[in-house]
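Comments concern the structure below.
Which chain is which? They are A, B, C, D, E and F, in the order written, and residues in each are numbered from 1.
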């Protein structure tokens, strides 16, 4: 019953459309650039998504965590790799990150 | 169907009442001061509400965003002005602010 | 009708179990250490829970606030002491903390 | 004896050059976009710089504060307007912002 | 050779004077309120200063840490109590707090 | 003239010694755990250090950035990989991260 992921994707799609329709030329440039930095390069797309996931965890943004977990999952990040990325997030960001590890775990549970 | 705004306003009113009823003299002083700094002065109330909105977006607080959007809306902030304030928030605060631009956009959509 | 507390406790228990089952040895060490620092010592457990509550409020994490309010309540923190701890959080963290004082107040209201 | 401003400008110019020389195409796009969002539009450049200043104060970044104070000063922000923008920053961000109001004040003192 | 404390106190005194001289009525009210919330009440002044110290550590503000360590020291906080408050800050805020524990330790070393 | 790195290393070594000498058993456990999470595992030590670097950049801690750049450098992170990790940090964390990219660049310049 993957309701968190579905709810996230639906609201995200609807609102991004609305943001881009009503936004400025700069809004579009920001969204395009946000896509571009995660492309395969000197670092692999998988590594970049792991960077995005860890950044999202220490900054404590559940929506961003959901997004990057889905991207990481698609690039073949393994359960062990997820756990170790969560450990780095926990030690850097502290116990205040724990509720977001819970969220991340619930998303991973929905995926499996 | 403006349910986000209604839900926010109801919880806010109830809890602020409870906070002030059970709080100390200092709690009341803080709430009074929070009202006072947004009053018309050398900067217009409209500009101050835009400052409050941008601060709320980069600090990523949806409730505060809802509040300042309602205040900005009442002071005649136009759709174009909202979009440009969101752009400043996005560039200063980064993609971690995107979920809060989505929230802001959903509040603006409810208002229109 | 203590639904916020019940919902929090249920999700927390389920997910912590899942985190520890799937996590690494380091994950467990972090969770153990997180328990250990709040034990009675030179500072009382009650004082340490108040430190944890204030830290959670200025870092603006509702789940952490719920947890530490329950712990403080169990250690006999009085309504007056809660109010004064909220005042310190408000002045240090600013009006961006107000929505979290609302949350804290709603948890205290559920408890009484 | 404007040493803080000079030191800031020198390090900023040197390092931005180094960042752009060694960075990727995306790095350049980010810096260009960062310039573009502050241009005159539906909101005046002066208002946008005040938004940038307030965002920098609540996010507590002294270098960003220095930069936006210089930009605001060039656009004719008055002493009274600066003081009111600092008040909004203080109430939103709390006493943790005070050291940055001190920094902002020291920059304004250097300018006058 | 207590140079960090002296430098902090001198800049703080000078700038606070400048802030209050050039600020608005609301600026003064904020500073007064900031003093008032730490007064002896249901919680002791010592406990409140420990709350302020922990909040400053997890929000990672060295100037605020210096200030609250001096206040805690004056209220008789013992070395063991300081260490335990640092532990709570570390576990809540994570390794990103370590540089601020270093700063706190250097201030305590200057004091002894 | 690698003065930033030397100054960082000297203060870090001195204060860590002081922290561990005067800290509790929990302080030591935290520092040990902080070392353990970066060890080679399902993710390579190099990848974990890049996670630590990105987390430090979006959380805007110069000392942590210096530390992880030195670790990344030792694990053979290339100039191109550094630039792409900075891009992810910039887009996630926004322009408020720019002063920390400047710091990171100045550390890399000292190293070369």
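The criterion applied here is as follows: a residue touches a chain if its C-beta (ideal position, glycine included) is under 8 Å from a C-beta of that chain, and two chains touch if they have at least 3 such contacts.
Here the structure is a predicted model, which means the values were calculated and not measured.
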In contact with chain A and with chain E at once: which chains are those? Just list them. B, C, D, F
Taking each chain's centre as the mean of its CA atoms, which one is most distant from chain F? B
For the chain pairs B-C and B-E, which is connected through the larger number of C-beta pairs in contact? B-C
Between chain A and chain C, what distance separates the C-alpha centroids? Give it in angstrom. 26
Just curious, how far off is chain D from chain A if you go by their C-alpha centres, in Å? 30
For chain D, write out the residues touching at least two other chains, lowest number first. 24, 26, 30, 33-34, 37, 41, 55-56, 58-59, 64, 80, 83-84, 87, 90-93, 95-96
Contact residues on chain E for chain F in the complex? 60, 79-80, 83-84, 86-87, 90-91, 95-96, 98-99, 101-103, 105-106, 109
Under the stated contact criterion, what part of chain D meets chain C in this complex? 58, 90-97
Within the complex, which stretch of chain C touches chain F? 24, 26, 29-30, 33, 36-37, 41
Chain C residues touching chain E in their complex are 33-34, 37-38, 41-43, 47-48, 50-52, 54-56, 58-59, 64, 78, 80-81, 83-85, 87-93
Quick check: in the complex, which residue numbers of chain B touch chain C? 11-12, 15-16, 18-19, 22-24, 26-27, 30, 34, 55-56, 59, 61, 63-64
